[in-house]
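One structure is given below, represented as structure tokens, and several questions about it will come after.
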Amino acid sequence: MIIILRKGATKEQISHIHDKIKSIGLKPHVSVGVDRTVIGAVGDESLINEEQLGTLDYVDEVVATSKSYKLVSREFKSQNTVVSVGDAKIGGKQLSVTAGPCAVESKDQILQTAQAVKKSGALILRGGAFKPRTSPHDFQGLGEEGLKYLADAASSVRLPCTTEVMDTRDVALVSEYADILQIGARNMQNYPLLKEVGKSDKPVLLKRGMSADVHEFLLAAEHIMNEGNRNIILCERGIRTFTRFSRNTLDLNAIPFIKQESHLPIIVDPSHGSGKRLFVHPLSKAAIACGADGLLVEVHPNPEEALSDAEQTISTKEFSALMKELGPVAQSVGRSV
Amino acid sequence: MIIILRKGATKEQISHIHDKIKSIGLKPHVSVGVDRTVIGAVGDESLINEEQLGTLDYVDEVVATSKSYKLVSREFKSQNTVVSVGDAKIGGKQLSVTAGPCAVESKDQILQTAQAVKKSGALILRGGAFKPRTSPHDFQGLGEEGLKYLADAASSVRLPCTTEVMDTRDVALVSEYADILQIGARNMQNYPLLKEVGKSDKPVLLKRGMSADVHEFLLAAEHIMNEGNRNIILCERGIRTFTRFSRNTLDLNAIPFIKQESHLPIIVDPSHGSGKRLFVHPLSKAAIACGADGLLVEVHPNPEEALSDAEQTISTKEFSALMKELGPVAQSVGRSV
Amino acid sequence: MIIILRKGATKEQISHIHDKIKSIGLKPHVSVGVDRTVIGAVGDESLINEEQLGTLDYVDEVVATSKSYKLVSREFKSQNTVVSVGDAKIGGKQLSVTAGPCAVESKDQILQTAQAVKKSGALILRGGAFKPRTSPHDFQGLGEEGLKYLADAASSVRLPCTTEVMDTRDVALVSEYADILQIGARNMQNYPLLKEVGKSDKPVLLKRGMSADVHEFLLAAEHIMNEGNRNIILCERGIRTFTRFSRNTLDLNAIPFIKQESHLPIIVDPSHGSGKRLFVHPLSKAAIACGADGLLVEVHPNPEEALSDAEQTISTKEFSALMKELGPVAQSVGRSV
Amino acid sequence: MIIILRKGATKEQISHIHDKIKSIGLKPHVSVGVDRTVIGAVGDESLINEEQLGTLDYVDEVVATSKSYKLVSREFKSQNTVVSVGDAKIGGKQLSVTAGPCAVESKDQILQTAQAVKKSGALILRGGAFKPRTSPHDFQGLGEEGLKYLADAASSVRLPCTTEVMDTRDVALVSEYADILQIGARNMQNYPLLKEVGKSDKPVLLKRGMSADVHEFLLAAEHIMNEGNRNIILCERGIRTFTRFSRNTLDLNAIPFIKQESHLPIIVDPSHGSGKRLFVHPLSKAAIACGADGLLVEVHPNPEEALSDAEQTISTKEFSALMKELGPVAQSVGRSV
């Protein structure tokens, strides 16, 4: 850790920090510069409370030299983590495409979708039963009934399935039906929920929060891994920015950066990443070209009738076309669909 | 609701929307403009799924003409809601200042803080027992032990207290100790939790999410009120922006806007709203001058030793000075401290 | 234009707006809804000052139904504009890659770069002579001397060249040396400069401002086209967001959206779009996969010695590798390099 | 300057940086930590190109320990700068309120406004003659004719006046009429323009760019001061964020921070800072309470007829009420109006 003092810091002030670092068990290095004094603290940084040093009037900045994430970091594990679910090996050479409706609406709707996306090459089926809706007056999902329809549809086409869990009290129930537990963007920093799925033996699909920076995203995964669950799939799904022409801004910069910093696989959600159907095809290709390990796409037999996220949902027919277009792109970067 | 079609929309397409609106039970009004056709739908807008219309290729934009929030809106209730807790009447003429440490660290620490802030004029004591921490390796709070210390300290100085609840499973437990249930920024869209506190008979302090726009903030309150709990205190606590000189950007524009749109009281958290002690005094005054109903301030007997949020915490001595400075500002806008 | 009134608007207020619209020469349509009244104004919207209506207390929202950009819109011209410079046909099937250093530093440096990027397949040479630097104490570019070095290097390898112009007084001078006039992100809303290059017969490369939404970007192009210059190349170069792991967030959503809204070609700058060398290869591929018409890449013989933007600059050797990797990606989406 | 290396950096790599620092003329300090090696460079940091070090694969981060702004910093000049224009002493105890229309529209309009705002206590008259408009099809200002009307109106009520200059070629012309040269938000990083007004003997009112962080804002002022002009008034006018309920987000955090970092006076523009008339009164009070040295307010005899920025403009009558309300707030923080 490095502590940069303000111009004019006194000897007493320098001593105070020097002694504080020493008392914690780290080695202080004082370096008196032309403009200001800099103090280094060598040793186990996790022993220092960075913010406490920041309270001192004569401290200008405190810079950490260690990463705050450990278990999820590539420094901890240099080889890529590959999460296996059904035929999908997320993080392997073959891309994993997860597809399905935003919400399970009926037995027929999810079955029809399952059959179509399976035929087009999806490896995992998605569908929401518990829906986080901005307004309490909108459709909230079918709950356990939806879970049943989803699991039945998935099983009938021999695909694993994923669905969102929002409440710590529902983790056990959702785990009965789902092969992957999904944590939505709004819950990325719901720590009790992260801990609960961290104790589960099901893989977790963790979506990036709307305004989470990458280190916070990785630290959310750290909360899960810290409880013992190492099967985590990250998902970039767009961040909130000033732009108004798209609902969110897909942040593809995050793909190469996370690949550098972490061993975990990362997929991209082009539906939420933009908020409009227009963008789904081009952004899916961009995500693959840029190194993503897969996609999470909202697909509905008839988007015009979809009960939620209709605007960003593509039809099963459009999904079939998309999968065909993805093949050559995947190949161009040494992957396959 | 108004549906703006793209240039070149055909008669069949116009008919399709016309008939769809009619079938839902609203009255369609088609207006053929110079550039494009606009269709109005008069009636109960909540019957229309706006996004479904957005899926149609020939629809350029769908504009709602009703507010999506109902119960929390000033249209629903024109008079200000005043929430009474202890001697505080939040939303009344006298400002309500809530003060205390980010985290309860020990029996002594919270008691000492309670005595100091009471003496300086705070009307409510705050202190965290369950802490949402970005890293799982940081101090997570004392849990139930912390709740006890907080309740004891509050009771010994005859102040009501508030503390954060993060898990639906903890609402009952926290309610045993706290007078106000606090929902943190990270949980503003944790809908199961909002519903759970909505069923409680304790007032709820709802903090704005880091990237929540005002209508989403009001809709989060709507989730609570929809369950029957009408005692909601909103709290502006800074939003996430591109700036790096402050941790968050306090959005005081929200105060007059929420006052116009909603009957609920709103207070300001200048500690999180900026992230640094330097800002707490000036932003507290700005908040009051701008019409806030109170403040939520992080105060610690010795910030340099605070286990969390040290950098934005002021000392009990600084808090005492702040309260003295606030008096004239409150008076200048017709309020009192 | 549609004017949505607040609940409770009176007959007099409705009449006032009705008459105002009529007096301007448009046809008013009043539609009294359940909740609120909506007034449509049919005719030439450009005659109405939208903001004036917004000043009225009883107006809740004013919604435009026409696009504010005309000349640059696809409604105005449905076929793609292709800008021809040297062998490059920007907007055609073959992708146009522009490459070169952030700043021209010496005769040798730009010549060496020109030879290398030409050999690797770049179609246009870039290099800054007038540099917009955040600090006045940093290297400001070589000025006219730099223009000469750039033009000589470009001519010796038979490539056209592009360079930034920052001052209306320099447009004539820069036009003597450059084949394309570049408007930097900081000057996207420098309207006198836009008008000046709009009068030029040289093509203009217009970079998106750091916090410009897409309609503002298109309106900046409209300023140029309004003066008569129709050869405009748009460039997405990353926007400013809350993220700190990358300097900017490349907004690839803009590519398909601009392709829908406008006939102008659009290229991507992966160097500024991220701010770090790590991202240049993956983002270049993503841009191509997503439909961009070309790239603008910062290349230097030895980035460690580059006088500006060193961190986001790739070496001539890395550029050669990049171009080889781009071939298959371009092909996968029906383009060529 | 501090250079943090990646884990696993080799001896050769450490030597390379060590030697590079030495060759530049600074003293290197190598500190081998548990996790990673940190190298300090003591001496004149301006000699090092921070970005060049960032190009090295084995460098994780480069941290500056000196401020990049010099002349505008409080380290350079500890006492507050007070800019005197007419009766206004901007930065002194008395607040300076500048008021007037967004655009000068006619001789009568500006004269009527001048008389009204003078009567209400404004110390400076504002009015735009050259208007930066997002669309080329909107009213662009009256140009020199507008300058004349403005100067005449100001002179007839004995107030100094300020107006925006957008083009380097217009600085001399505008200086003939205006007492203060205003640089708009869109031109905050138009460096040729900053340099040109830096050579002028007129005070400069510099508005913060829509997406400029505070250090960039101060560096823009540094560009002006570097040319010799020390009479600079900073103006916070709102930043661009994700919120949609207000046009901009007024960033009052900037006031105390700039007061700490710089000796320059800073005023607040509550009109652009929010974009709606609703906010102007409360935000003006907040700005004063928080330590601003004055206000810049858009005022028009009849906002409903204003040709630009109508929605955020208050009437001369509302301005008179505002000034009366500001008195007690100013007094509450030891200032006067």
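When the chains are written out, they are named A, B, C and D in that same order, and each has its own residue count from 1.
We take it that a contact is a pair of C-beta atoms (placed from the backbone, for glycine too) under 8 Å apart; a residue touches a chain by one contact, two chains touch by 3 or more.
Nothing here was measured: the structure is a model prediction, and the numbers come from that model.
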Chain pair showing more contacts of the two, A-D and A-B: A-B
Chain located farthest away, centre of chain B as origin (C-alpha): C
Chain centre separation (chain A, chain B; CA means) in Å: 26
Distance between chain centroids, defined by C-alpha means - chain B, chain D (Å): 31
Rounded Å distance, chain A centre to chain D centre (Cα mean): 38
Contacts with 2+ other chains: residues of chain D: 211, 240-242, 244
Residues of chain B that touch chain A when the two form their complex: 46, 49, 51-52, 54-56, 68-70, 132-137, 166-170, 186-187, 189-193, 210-211, 216, 219, 222-223, 226, 240, 276-277, 303-311, 313
Contacting residues of chain D [partner chain B, same complex]: 211, 213-215, 239, 241-246, 249-257, 260, 273-274, 278-279, 281-283, 285-291, 328-329, 331-333
Of all residues in chain C, those that touch chain B in their complex: 2, 4, 7, 29, 31-36, 38, 40, 42-45, 61, 63, 65-66, 75, 211, 240-242, 244
